[in-house]
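Look at the two complexes coming up: subunit A is in both, with subunit B in one and subunit C in the other.
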Partner chain A sequence: MQQQQFGKRPWSFYFLATFFTLFVLFLYGPMFAIYVLSFQGPSGGLTFPMNGFSFDWFVALFGQQRTGDIRGSFGRSISLALMVLALTVIISVMAGVAFRRRFVGSTFVFYMAIASLIMPGLLISLGAPIMFQKLLGMNTNWYTTALGAQLTWTLPFGLLIMFAVFNRFNRAYEEAAYDLSATTRQTYQYVVLPILLPGIIGVALFGFTLSYDEFPRTLYTVGPRNTLPLEIWNMTTNVTSPALYALGTVTTAVSFVVITLALGSIALIQRRRLKHNLDGESAGASQIALAEADR
Partner chain B sequence: MQSRFSRLAPYLQVAPLALVLLVFFGIPLLVVGAVSFFEYDEFDIYPAFTFANYLDLWSQTTLNLYWQTITYAVIVWAITLVIGFTVAYFLVFHVRNILWQMALFLLCTVPFWTSNIIRMISWIPVLGRNGIINQSLVGLGIIDQPLEFLLFSDVAVVIAYVHLFTLFMIVPIFNSMARIDRSLIEAAVDGGASSWRVIWEVVVPLSKTGIALGSIFVLTLVMGDFFVVKIMSGGQSGSVVSALYNEIAVLQYPPAAASAVVLLIIVTMMVAGILRIVDVRKELAG
Partner chain C sequence: MAQRGTINLVSVTKRFGETVAVDNINLTLPGGAYCCLLGPSGCGKTTILRMIAGHETPTEGQVFIDNENVTGLPPVRRGTAMMFQNYALFPHLTCLDNVAFNLKMTGVPKPQRRTRARDMLARVQMEAFSERMPAQLSGGQQQRIALARSLITNPRVLLLDEPLSALDEFLRLQMRGELRRMQRELGITFVHVTHTQPEAIALADMVVVMDQGHIEQAASARTVYAEPHTAYVARFMGGQNVLFGRVGHVAAGTVALDLEGGGRAEFQIDKAPAVGSLIYISIRRDRIHLAKPSHNEEKNSANTVAGKVRAIEYQGSWVKLTLEGVSPDDFVLNLPDSEFFAHPVKTGDVVNARWAPESVHILTGGAGQGDRPYAKGQN
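Right after this comes the complex of A and B.
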């Protein structure tokens, strides 16, 4: 099978490469169709052909109220996603550090996180309003109950990423810092966390995008004012114009900006590290020197 | 003092996570369990201990719903497994340049970070009566009439599921495969094994944690879905959770809760069955 002669590839390579290309087309093709269709002319419909080209459907989205409160829900979704991002990063990193040691109940917390990850979203959404609204007489709101419900989805991802990140972490850097008599706090601040930064950015990416696009867990926990995915959901049943596609294009564009920022900064950090290493200095060692200077 | 703090440290560090999961996941779930025994009428729910909600589930309609949901889950699982394994295998064993490997892997995972609803909707202009596929087929003269079964049908539901969830199969299988020691494969080849035998007897067994994880994700995602089946079937098919959605819409919490509990038991049994075959925790927590 693996005839590792360079230049000559087995027939299976071409077969699999074709399969892969078709899969990528399947993955992206339909999405591109709606991005293109969102620029339909004013008289255009939900399918091809294009009847001219215009930005009318984008204007319709943000201009009038007839498609719902897009502007408000967009703002709420962004604010909520930023809150989820911050909390997911802080809580996951702390929990990741905790799981480096044995503690009573670690298995329970781990399995609760996994159960929360695979729990059908609507069931989480179902329990919270019964508990908070019916039994405790509290109001559901996007920045309270929906925030909590979304965290039950983003935190397990954050925790698993932190596990992966700590698995690959070379403890020698940490021990070196302790040997140089850095305190625990200094060791984490100047050595461990900077080394883990790419992984932490990954956690942030998951926190933001999963919250920004979250639908089933938010559905019954959101209270009186909707987030963007809920507006989109309402539109799928009410709106039969390309405005729906325009909203899809806008929301995907936001996701792509966030993905690019996150992946770009990870790549930048890795490249800087590579340069450091080539200079004969490892990133960790220079951080330890910094920790020394700080003392 | 220092040592007492350091003994307490893990508990303090894990406390926020445990608290959020308890308040917004654990306890609400117990509440759902309790409410499933409540009585209800058109106006409100009343604390009680009745099995009526569970007994009501035992009807032909509900059994059909469960059957339909499990059928979707198994079909989608089989398709995503084949695609996921093939794509991961290609990326790990056929793409030699590590940068290309990462780039192509990212290409597969980027849609995960975009909206599921939008990705689902994007099939409408492709599969619709006047959609891309029908227009092309009619234009080429292959068919006279547009195919009606493409959109708002079981076919559309399965296509949308595969589109949304294959990622969850690719990523864990890719991770497992990437860790396979290449010398094992060389040894198998040197021992005279054919390509198929290497895949079947070396690659598959060594990727089984990834396959198990991917299977858990895909099965639970399909079993828990309601919006894909609602939109893409055009209301012609249902699933357990889409029926639940309808019950919640009319505030019938107790029967919805009973249905949720039964679904959870089935899903837990599926996951436990997979975990019995493969120890996933070792893989995740290292």
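Right after this comes the complex of A and C.
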């Protein structure tokens, strides 16, 4: 596209540029401050200036109990996030398949499911233990009540993503598979799900990250042992050392690794669909000639 | 016994809600023939194809293949294979795996299915591309892979849904030839859906012209082009001028028609129509000539019409002359270039066009079953 070479930029450029700068500043500024301060020297405090440089606060994080049960809560958060991921993927994909056909009451079911996106999370968190304890006689626990409460948050997202994914899916692929003798099960196994895999990884990614940093729905449903975000929240009230910042840096790193893995695998799948096989590479010249002849 | 791959549609109707896509059609497609279903978009041709394939079920009526009622059977049990518009090649599989897909689904062991898929790729001259992904192929190459993938099921009928529409002009002509060659080699029935008239007449043994869920004419390409049954077919196939008028008088096997828009046509007719009845005729563009300007007395003679030249298009070996004021349709002459340049005319000139009585073709089907008498055909 040709750029405008001459003349003044319109006023809207400066307005939007300022807006974007502020956005970036607010998004990355606080995080950047935390990351830098987590490398505070042993005698440093909670704010700038930096008083030397060390990894002491990372060591402290996993070393001692005085900072709270970081190791345990981290493990619980990861396990919970993986459970949420698995359930979100399975249920969303199956619901997405179901919603491809307009069944009786599908609109009602859809709005019922989506309603939990606007429902205040704290309400669910408050109500769930009452329901579980009084009606079912169960105690709250991170792997039961909290799991359920988090699913009310991840499933609508998963469902919406699957809607988008199936909307873009060309039904001709399915018909082609039927035409080539595939059964319904084979069609899903060998055609539909492989083609939708990038979208399904997206659902998994959402499930994991939404669960990993979920706070309001987990607060009263988690039971006696905390997840990581709740543990951090506890620490802010009684820990007054840069260990808190070190924790922030570590959790960000975990999220980053997860996102990189997910996006990386999506990119890998897309690349594989376009990749020149070694075979193809060696025969490249003759193929180009053939392609030319084809034109 | 008819040849293998004969398709019969008996009183087939397909409705989608209130819309009637296919309206009570009876049609026989001969086995081993190249058949084209031709018509504008929305005429029901793709619906017919999908009902033969088993991807749609007729609302009423039956589909027979080789006298076996296949209505309601899944595609697998019909011995048909479909080549989809834009091919629907599986994007996550290599060309080889795409072609071998049917064999994998039916449980053929891996070494055998790879061998057979490679043979099929060789057949469409794509063996060098076996490990490529579909996205890496040009449109023509994708079509060959799609063809190979369909043919590996060893079908008795191959159904092609607008197979050439995704290709550019040059490739379209090339692949058209390849489809025809492939059909001759295999000897199976090809049913090819298209909205492009030259494609249909170049390829097909049998052309089925459709409009609004009806069949207007089903006949050989030459018959459909040269002897259209209705005004609709004549306009849609192109190359024809459609005129109509009321019968003025009949004498000794000759009928005089007072044309709508002026002028009079006189021609032989086998069965004398009643005076005053409405008759549609067509005259091929290349069978019309300009009367010499000096012969002005011809103006009022039969088989001559006057019109103003609206457009002149040089086409190489002929010149396309469009006249207005002759009939509700445009009136078009294709003059040999030598004839035009011997006595050139300009845009805006009023000229007389004439034709021989034997060039008149009577459209026995009248306007056609569709209710748009003035629908313009393709130029």
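Just so we're on the same page, the second predicted complex is superposed on the first by the 250 of 295 C-alpha atoms of A that agree within 3 Å, B and C clash if a C-alpha of one lies under 4 Å from a C-alpha of the other, contacts with A are read in each partner's own complex, and residues count from 1 in each chain.
Rule of thumb we're sticking to: contacts are C-beta pairs under 8 Å (C-beta built on N, C-alpha and C of every residue); 3 or more make two chains touch, one makes a residue touch a chain.
Remember, it's a predicted structure, so these values are computed and weren't measured experimentally.
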Which superposed partner A:Leu268 touches (first subunit B, second subunit C, both, neither): neither
Touched partner set for A:Phe99, first subunit B, second subunit C, both or neither: first
Partner with the higher number of touched subunit A residues, subunit C or subunit B: B
Touching partner for A:Ala86 - first (subunit B), second (subunit C), both, neither: neither
Contacts of A:Ile34 with subunit B and subunit C, given as first, second, both or neither: first
Contacting residues of subunit A [partner subunit C, same complex]: 170, 172-173, 175-183, 186, 190-191, 194-195, 197, 269, 272-277, 279-280, 283, 286-287, 290-291, 294-295
Contact footprint of subunit A on subunit C as seen in their complex: 53, 55, 74-76, 81-82, 84-86, 88, 90-92, 94, 101-102, 104-106, 128-133, 135-136, 138, 140-141, 149-150, 153, 170-171
Contacting residues of subunit B [partner subunit A, same complex]: 6, 9-11, 13-14, 16-18, 20-29, 31-32, 35, 45, 83, 86-87, 89-91, 93-94, 104, 106-108, 110-111, 113-119, 121-126, 128, 130-132, 135, 163, 166, 182, 185-186, 189, 194-195, 198-199, 216-217, 220, 223-227, 231, 241, 244-245, 248, 253, 256-257, 260, 263-264, 267, 271, 281, 284-286
Parts of subunit A lying in touch with subunit B, wherever the complex brings them together: 1-2, 9, 12-13, 16-17, 19-20, 23-24, 26-31, 33-34, 37, 46-48, 90-92, 94-95, 97-99, 101, 103, 105-106, 109-110, 112-116, 118-124, 126-128, 130-131, 134-135, 145, 148-149, 151-152, 155, 159-160, 163, 166-167, 184, 205-206, 209-210, 213, 215-216, 220, 229, 232-233, 236, 244-245, 247-248, 251-252, 255-256, 258-259, 263
